[in-house]
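Labels run A, B, C and D following the written order; every chain starts at residue 1.
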Amino acid sequence: MDLLDFARGPALQVAAYILVAGVLWRLVGILMLKEKPEFSEPRKPGGFMAALKVIYTRSFTAAPFKRATLYPKMLAYVLHIGFFAVIFLFVPHIVFFEGFLGFDWPGLPNNVIYLSGVAAVVAGLALLVRRLTDPVLRLISNFDDYFSWFVTILPILTGLIMPVRMGVRYETLLAIHILSVAVLMIWLPFGKLGHTFLVFVTRGTTGMVFERRGAKT
Amino acid sequence: MTTVDGRHTLDREAERLAYKPPEVRHDIQGDMETEERVEKAMHHFVKNFNSQTASYLDGCLHCGMCADACHFHVRTDDPRYTPIWKLELFKQAYKREAGPFAFFYRLFGFKKKVTIDQLEEWQHLLYDSCTVCGRCSLVCPMGIDIAGLVSMARHGMFMAGLIPHELHETAKRAAETGSPLGITADKFEDRVEWMADEHEVEIPMDVEQADVLAVMSSIEIQKYPQSIAATAKILNAAGESWTFRTDGFEATNFGMLSGNPGWQKEATMKLINAAIKIGAKLIVLPECGHAYMALRWMGANMYGKPLPFKVMHISEYMADALNKGKIKVKKVDTSVTYHDPCQVSRRGGATQAARDVIRHLGVDFREMEYGGDYNWCCGGGGGVVTIKRADPLRHRVFKLKMDQVEKTEADELLSSCANCRQSFDDSQEHFNWDYKMGSLMEMVAENLEDEA
Amino acid sequence: MTLKDPIRSPIPFSRGNVRPLLNEIIHALDRLLDDDEPTVIDLASLPFAPGELEELEQTLGTGELTAELDALGKSFIRETEYPGVWWVEHHNTGGEVVGRYIEITRSPEILMSQDADVGAGRARLRDSFENSGPELNKEAGK
Amino acid sequence: MKTIPTLGDILQAQGVSRRGFMKYCAATASLLALPPAMVPRIAQALEQARRPSVIWLSFQECTGCTESLTRSSSPTLEGLIFDSISLDYHHTLQAASGDAAEAARHAAMEENMGQYLVLVDGSIPMGNPGFSTIAGISNYDMLMETVEGAAAVVAIGSCAAFGGIPGANPNPTGAVSVQDLVKDKPVVNVPGCPPIPMVITAVLAQFLTFGQLPELDIHGRPVAFFGQTIHDRCYRRPFYEQGKFAETFDDEGARKGWCLFKLGCKGPITYNACATVKWNAGTSFPIESGHPCLGCSEPGFWDKGGFYAPLSTGNFGSGGKLAGAAVAGVALGAAAAVAGRRRQAKYTKEA
């Protein structure tokens, strides 16, 4: 078994098991803690729709905070959108998803994907620089933040190197790329990258709590 | 003083690219052993971890944007005032004790046990520099209610005897005498009588059966007693069957502010019991922000079942009465701006009520820039106004409010919270800031049309 | 230059290998004129899409000179519309193409008579000349 | 020792002109992927080259490799290369059989000790020597005996180079490749199923011309032919970059000749010269005919997860295991929550 077979086979398999188990572990571990009772008379119906509303609305910055958070938000948008484009709109990736989802969707030309990837990496670097220099971020950051940054950027970088090649064999680069994705998958449930699924829980919770009060969400 | 505008200090001695931690100030209550304190803090942190808090504490991205929403950070640039950093110990306790991976956190020591030194340092962060105004909760991209968590973290601090003295004393007095300012039932009765005479208004007291139970805050009874008369005028004008009760008149809840859930429940239950006793259908809360949070949104949870009556803030009551034509007001020829009490508007959801009332008053209303739900806090909420040592910081923060108010160029500033009013008064004095500050309720009471 | 010269096929724009190759040829012509340095481009080493080779051949067109060589199979040597650019194709005895080149030179090497062949030919000629000489002379003398 | 004629002598004897020889040299340069400027040097070297002896051993194979090499209509220029070697043993092609054939092999070995080339097609069964024998000799024994005095070994085809199809999972015969067994002689792998005939010829031409073996890559393959991927040299590559893919074998994309990546093309990880050298005397290659590359020149190509599974598809194994992981995750989460609640309850009591 060569490196590529290992990456595509056991490495991805184990990563997928850990990803699925880890995500459920964390979600169940959180959601099965005791419930907070709520007896107050609601001003507005809260519930599921309220959760959905905030899941959507918190994707945008409220006007009063726009100026102060413009720079990091902009970078975060570029990072997220770029990353999402790379993951979900690069045709070989779509084929990857089709492999276990059973359906596919249209992709984008590779040049657009490369550009998205580069943009995501640049935004990621800018965010890292910010994390390393901004006093607030320096204070509140820990290992998780830096490691999560690393495992997020790594697959984009290893992916972007593939068309450039730089004298390394394609299958080796592909193997490294897949392995870096496996690392991302393994780490995702445990660190702050858990926000990929927790964001629905936290925003949803706030939506339900505050919407029923009729308060600002 | 070298401070030019408070934001950019001319400190030439400061180390570059490093922040100078402000000297750690802390108070201690009781004579527990250090270990016992830490244990207590931990236990009362842990008690709060339910699925909701857990998702919040697990979800933080460390993006730091809450710092940009917090008046304490905005005015000082001190990174420690980053809202989520104020919860660091709470988070630390959660990850170690109740999180999904708590076992590994303990096993490998990824998160250390909280220490007494940390707790002492965080006293300043959880009390002096947080008004629980909830502005940070609105900026958080994950939608984490940071302010709500601060309230919970305070439980551990209180039980460990690690809260600012003044707040502790105030809360203790409230628990012992029923009022944070030591206003007993007799004293309340005196004040009510005095106001009834002074303003020539009928004020029902200890009526056995009434539809509406009106309650007051100590600050009003003590400092702004005309509020008592104003409340009475409005309720009388609306033709309500209402009463004050000596067994349930205090709306403030310092048990909640200081972090003692037991005291919080006691204070809440007094009001609930009084209302049930007289068969009230409604409790009208006074111009007080945290009272609204304590009874309107947390009351039923303290009671353990839905309340058998409605709860309204006075601004909500007035808006309702005006909209329904139960009371009428004369047009007032002035320009006003309105300061939203955080717990009523942003966190309570009654933002529109005050605006409805103002519309009926027919004044030239000038909304502050990002007023309403995104309003800057007065700086005195969450019990901060009682903490003497926090005064310089509170004053510094108030500058934001001043700018926001002055920008409207309105003749008068109205609010609907005695606590806000008190911190305005205090800060106005500190800055020699000459600005007319009034109560929305009093303006309504003064301009009631008699025939209504 | 001939009178026919001004008629030129337009160069179609295509995405494949044709354009870069034409550019390559232009630079090779520079080298030929400036430094007297010929260039040979081995077309077998380039990945052509179906039809591309034909497109290239058509684009270069046919010039004044076409030669056919018969040695270990046929070879076709043709000057293109662009003097100095030669299309050279070697076939084996089965008629299959074994080599296809574009040579940028004044005259492809393969057209030159090779010393070895010249020598062999001379020997052959001399041999037949000497061996059949007397008879020839006698016939002539008659 | 018999006198070995030079290639120049042979060609002269056949009446090949100098021009013909030049053609031949140009073709050889092309074959060796050498620049045309090298033609004079090749000519010089070839004139003096001596005809090497070649012994061809066929083990667990399908004769496809031999077919590939011999199917082209003769006489070709490549064929000339073969004319210039002395194929002293090839049990499929030679007339002699049985003892006579083995005698020829031994004779060639003795006469050219240390000089001859061994070409092998097919893999060697290590499970049971009886799986494949020639004249009662096991493949292993014959290989080891023959390579003893060889100058070099050329493994022709993926079976000889990497074990190939006999070596595919579950590998019932315990098939191994030549390089697994031959450690003390240079081994050149010319994989492919079958290999491109010109590549086989080129290795021989290189040996013939320069008396040396070509430069090899990590899998022992001549870099000149296996230095680039099919994908890199594929004329359909622009469609890959534009995101235009054939989805099925009969859709519009397939008709328009779009990229076959989604149909499982292994071009990106397959190193071979098909895209430039092409097949059937330069006619086309599989992708040009509308079929994705199978990656036949790569080690273990048969076991790479399906010819029609796109390259970027992960091999996730059974859904059952994934479901198991999900159940485990839920269980761990529940256990963690229960533990958290227990601690809470304990603390509440203490507090």
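By our rule, a residue touches a chain if its C-beta (ideal position, glycine included) is under 8 Å from a C-beta of that chain, and two chains touch if they have at least 3 such contacts.
These numbers were taken from a predicted model, which means no experiment stands behind them.
Chemist: Please give the intersection of the contact partners of subunit A with those of subunit B.
Modeler: Of all the chains present, those in contact with both subunit A and subunit B are D.
Chemist: When contacts are scored as defined above, which chain pair ends up with more C-beta pairs, C-D or B-D?
Modeler: C-D
Chemist: From the C-alpha centres, identify the chain that is farthest from subunit A.
Modeler: In terms of C-alpha centroids, the chain at the greatest distance from subunit A is C.
Chemist: In terms of CA centres, which chain lies closest to the overall middle?
Modeler: A
Chemist: What is the distance in Å between the mean C-alpha positions of subunit B and subunit C?
Modeler: 96
Chemist: Averaging over Cα atoms per chain, report the distance between subunit C and subunit D in Å.
Modeler: Centres of subunit C and subunit D (C-alpha means) sit 35 Å apart.
Chemist: Where the centres are mean C-alpha positions, what is the separation of subunit B from subunit D, in Å?
Modeler: So the centre of subunit B lies 79 Å away from the centre of subunit D.
Chemist: Could you give the separation in Å between the centres of subunit A and subunit C, each centre being the mean of its C-alpha atoms?
Modeler: 62
Chemist: Among the residues of subunit B, pick out those that touch two or more other chains and give their numbers.
Modeler: Within subunit B, residues 49, 54, 98-101 contact more than one other chain.
Chemist: Hey, what residues on subunit C touch two or more of the other chains?
Modeler: If we look for residues of subunit C contacting two or more partner chains, we find none.
Chemist: Could you list which residues of subunit D touch at least two other chains?
Modeler: 332-333, 336-337, 340, 344
Chemist: Provide the residue numbers of subunit D that touch subunit C in the complex, in ascending order.
Modeler: Within the complex, subunit D contacts subunit C at residues 16-20, 22-24, 26-27, 29-30, 33, 35-37, 72-80, 233-236, 238, 257, 275-277, 281-282, 284, 288.
Chemist: Sort out for me which residues of subunit B touch subunit A in the complex.
Modeler: For this pair, the touching residues of subunit B are 19, 49-56, 58-65, 67-69, 73-74, 77, 79-80, 82, 84-85, 88, 98-101, 137-145, 296-301, 303-307, 310-311, 345-351, 370, 373-374.
Chemist: Which residues of subunit A touch subunit B in their complex?
Modeler: 25-26, 28-41, 43-44, 54, 58-59, 61-65, 68-69, 72-73, 76, 134-142, 144-145, 190, 192, 194-195, 198-199, 201-207, 209-210, 213-217
Chemist: Please give the residue numbers of subunit A that touch subunit D in the complex, ascending.
Modeler: Touch residues, subunit A against subunit D: 1-2, 4-5, 8-9, 12-13, 16-18, 20-34, 91-93, 95-96, 98-100, 107-111, 169-171, 174, 178.
Chemist: Considering only the defined contacts, which subunit C positions touch subunit D in the complex?
Modeler: Against subunit D, the touching part of subunit C is residues 15-17, 40-42, 44-50, 52, 69, 71-73, 75, 90, 92-94, 96-99, 101, 109-110, 114-117, 120.
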